[in-house]
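Following this line, the structures themselves.
Next come two complexes, and both contain chain A; in the first it sits with chain B, in the second with chain C.
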Partner chain A sequence: MDSEDEVISVASSEEMMEDQDSDLSMGGDYSDVDLDVDDPDVGFETQDKDIKPKRRPYEVEFNIYGPADIQSHQDQQIDEVSAILGQPPEATAILLRHTRWNKERLIEIYMDKQDTLLEEAGLGKSLAKLPELKKVKGFVCEICCEDGPDLKTFSMKCGHRFCLDCYRQYLAQKIQEEGEAARIKCPGDGCNKIVDSKSLDLLVTEDLKDRYQVLLTRTYVDDKENLKWCPAPNCEYAVDCRVKQRDLNKTVPTVHCTCGHHFCFGCTLNDHQPAPCSLVKKWLKKCEDDSETANWISANTKECPKCHSTIEKNGGCNHMTCRKCKHEFCWMCMGVWSEHGTSWYNCNRFEEKSGSEARDAQAKSRQSLERYLHYYNRYANHEQSAKLDKDIYLKTEKKMTQLQSSSGMSWIEVQFLDAASQALQQCRQTLKWTYAFAYYLARNNLTEIFEDNQKDLELAVENLSEMFEKPTDQLSGLKVEMMDKTAYCTRRRIILLSDTAENLKNGGAHSLRLRPGSFD
Partner chain B sequence: MFASKRLSKELQKLQGTLPPGISLISAENFEEWLMDIKVMDDNPLYRNEVYRLRFRFGSSYPIEAPEVTFVQDPSHPIPMHPHVYSNGIICLDLLDTSGWSPVQNVESVCVSLQSMLTGNSKNERPPGNDAFVRTNRQRPRDINFVFHDNKV
Partner chain C sequence: MAAGGHKRIVKELSEVTGDPPAGTKVRLVDESDVHIWEILMDGPEQSPYSGGHFKLLLTLPKEYPFKPPVLNFQTKIYHPNVSNDDKGSMCLGMLRSDEWKPPNKLSAVLNYARNLLIEPNPDDAVEGGIAEQYKSDRRGFEKTAKEWVKKYAGKS
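Then we have the complex of A and B:
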């Protein structure tokens, strides 16, 4: 049911979106024309709030599944394969997990060397009867040494029989303490038979069954490449997105979970559009390693003009002798000391050739550091502002209530504040990452367009931000202007993201170029 | 306690006949037992030595493996073996969750260890023994052993 060709979400967002839309609607969605963007996977509902008339170039196709959806998705596949292989569902489940839910491969191997597969998967050959509890005459449980005619016992088809209590204890230990579900083996020594779900249902108590199901579902999502858990705390939704790992240099697959969390499907970090995952990772690492040290070095040190050792001047006169290479130079103008004669105190030789050359060389090596700090400071600033905006968001509600009582506006009439606050946060998030991204960009015309877009968005955001902090009594008069500005911010953001996404995807000669070595 | 009936049965059996070279030293409670093992053939590494094992049982024994270590005292050295650290900790998959089966028991563990020694001809400690012995503060059950060597 999942065909590979129509799912690569970014590839499908061509310039001619009308075309693409009609393409998708042929793929099975016969309902209204305006709502057919999300290609519905059989059996799962698309998220209504995410339906937009058209998918923009920076948006990817995805579906959100709740625990019940994931469960039914599994069941569906199990039933399907079970019918093909002629194995009972609980055995099919074990086989599917064994091949990490690759149906085609499973069927192929099954046809090819059935016995080996069944053995490896922990099933064994014979098709057993339904699992049942038995009382066996003369039985002594090898685990607890209990015996007696009324002892209920259980064994899988491997024949290792133990009493119900011991089996139950054993499964509880595996499920609760060890967090194991998909590969619980028979308690018998050296026995590789996997405990199937049907046997488990017979053996354990209700609360353990729930836990078992949760663990199985977790394994299922972990096993499937196109599924990922939403990383938000306590969120139990999983996201289905068909963007491939190898396309992550060309696309930034931000997905929006039903719980409200926006994250990148590629790396599960918070939304970092427009910067691609690999750059984000690099950037974060660089910031972790560098930022403070680099700041300090830039502010407090110079380099020896000869050997480029970093030197901190912690007192004394301007006649420097490099401890490493013994080069003598003037701290003020960086020229060689021998040209200074005795006029050292007020270095007035600034235009001297040797000095200016040394300063040039130094400037060059410092330039890269300054360049980094330029982007880092702006990145950090937006990050900080976004944090402050979050505080503002909390205050927004209060403002909205105040506004309602002071100006006699209704609840619906003050929603513009909420909208503005959300737009601000979203734009700041994007702006933050534009700076990390720009750090890795080589200079060309498109980079300039990118920076223009960035500038426009930044200006719009700062304007709105300023307005947002006005006292409450002025806000009602600013409503129309604020709504305009909010819409403008959102529009600028869309333009920036769309442009960048198109460029990144095309990757040709007329596109954004990364500085050499940015993608390792 | 889940373990007591099983342990009392095991004890009964241990107090009867045991395989050659294995003997019960003390079992005063259901928490800690001492066993002695001897290597029965002429392996020069272990000739004329008796090794003492300490078994510690958790409340969920035998679902969970017991903690088994060699103990050292003036008459009982720690055997030389590439899977036995000089502080007596044993790296054996049988004693880890991945290799333990509730069907195993004190006697079978002793037999396994006995044969592990018998089959060994290397007069050496595990790689990184010194560092491990110096720094390890964990109990054996909390250590993540990697079982890579299937030869000994």
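Then we have the complex of A and C:
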């Protein structure tokens, strides 16, 4: 039940994103996002190809393949190359795996030095004859030391002959225990000949064949640079994306698996737009190193700036009201909340201190720690808030179910909460990474634009998050406003990601620049 | 299948005990279990381990010979390819499951181990520090190795 809901909610938020695309220039009319279920997810594949590409600057092209697709892709390529080389499909499959599915290179090498290639791939000379089982007079199996005229034996072209039982046991060991498939060698001492699929068909017992196929598919995806497994647990889809490893400093290839998981194709971590992979890696390393400091703990509990009671945050919203003295303040900057409002929301910016202070070495190190903590606290805060938002949503969801039965609201009428929750999660994910990203940014005009975008998104998110914490009985009255805010958040996120992606892609002097040494 | 494995092990055991590789002695720890062998290996003369007597344990997994045997030094030894802990494991070359082939014989394993005492393989080391020293400071390495022989591998 739960997981079903999850799937539906993900799908609807996806569709909402699609709608946002075309509505980007049309202002914030909430009706545009009113769960346009019937705006079909057209065009990524078919019609739109000829028209203008619908992709936004931060989106990359990708395809999702299931196990059957992956199998048929392999078969297709094997057939194709088999016809070119004039080799039977079994041998072609081995050759393709040998050259890690690089067709062009395989054909080139094959034309150039066929004999060496066949030898290296473990195929040796002449493949014409079908493999068969034989009884050989006077044979003693080198593995189990059994002999006898009725012993069934097998050998490939290399002539290393063993009894059928041992051969089978050997293959079972390799396939089942060691997870090998494409590159199992002849059991003969020092022999590098690969066991081909016809021999395997003859030898492998039925119960191992499925496992063998799965493993072959695995190596196919592992071998191809443009294919990666979705890292979600138990997900069996693979993603095809053409973004090259060397371009990862200029683009952040987030892909969306059919299972609902969003991840980065470059590093397979969870979606971390807009920060590039290398910065993410550095940042995570840094946070890991520093996470045990008392400062980290301070990110989770704070003291009321007025009465100094210790306060633990229990919701996603940053607008805090002290239980004891009723003082209202901002969780991020600890300033008085009334100063923030909508016009004076300035707490995402870290003001660099003057140069004279920085001259002092000690002050400098304090400054750099302070600078790091500034970004880290905001990064960790959004991560934490996203969790709390989700907790609140789960509680609300329960209440909404009760409300549904008591007030007669329909299931579809409470879905706006779901959409809002999805948007909050996604936006906080993005915000979190903007802070990691900003930590590595050098200061220039574009950084300010970036920070403005960040501020706008953050304000929108906090607004929505605050509404989320309202008591359940007020929520139905806030429906229209919440949908409006949800749409706005999504739109701000798109703008931030688009701007940043364009900047990264263009590079050069007029773009976001990293502090020296950030890409080392 | 298990019976097949047994037949082979018994055959190998009688071969190895009847005609052991140079400088080694083999016996079963427990006469009723052919899967655990005790090896006494003399340090090869042309190595810093010369004069030492090393006790090793050779354990055959139940999948043997489809899985490689496991070799542990019970006597402490200063060597890049033997782990410096209570296990004293040696796991490289033919002892690794991806290089092991079922026809490989235990006598070959013993020869392999003995040859590693003569010529360590610092490029596939389990003890990185010792490997580094072996490559850059051969004298220092041999000195420590000899000290360890005196300390741990004397006549028992």
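Rule of thumb we're sticking to: the second predicted complex is superposed on the first by the 367 of 520 C-alpha atoms of A that agree within 3 Å, B and C clash if a C-alpha of one lies under 4 Å from a C-alpha of the other, contacts with A are read in each partner's own complex, and residues count from 1 in each chain.
The rule is simple: contacts are C-beta pairs under 8 Å (C-beta built on N, C-alpha and C of every residue); 3 or more make two chains touch, one makes a residue touch a chain.
The shown structure was predicted, so the numbers you read here are calculated from the model rather than taken from an experiment.
K.L.:
Look at where chain B and chain C land on chain A after superposing the complexes, then choose clash or fit.
P.N.:
clash
K.L.:
Kindly classify A:A68 by the partners it touches after superposition: chain B alone (first), chain C alone (second), both, or neither?
P.N.:
neither
K.L.:
One more residue to check, A:I412. First (chain B), second (chain C), both or neither?
P.N.:
neither
K.L.:
Determine, under the contact definition given at the top, whether A:V480 touches first (chain B), second (chain C), both, or neither.
P.N.:
neither
K.L.:
State whether A:P187 touches chain B only (first), chain C only (second), both chains, or neither.
P.N.:
Both partners, chain B and chain C.
K.L.:
Do chain B and chain C land on any of the same chain A residues, and which?
P.N.:
Residues 142-146, 162, 166, 169-170, 173, 178, 187-191, which sit in both footprints.
K.L.:
Which of the residues in chain A come into contact with chain C in the complex?
P.N.:
By the definition above, chain A touches chain C via 142-146, 162, 165-166, 169-170, 173, 177-178, 180, 185, 187-191.
K.L.:
Along chain A, where are the residues that touch chain B in the complex?
P.N.:
142-146, 160, 162, 166, 169-170, 173, 178, 187-191
K.L.:
Using the touch definition from the top, list the residues of chain C that touch chain A in their complex.
P.N.:
1, 4-5, 7-8, 11, 63, 65-67, 97-98, 101-104
K.L.:
Using the touch definition from the top, list the residues of chain B that touch chain A in their complex.
P.N.:
For chain B paired with chain A, touching residues are 2, 5-6, 9-10, 60, 62-64, 97, 101-104.
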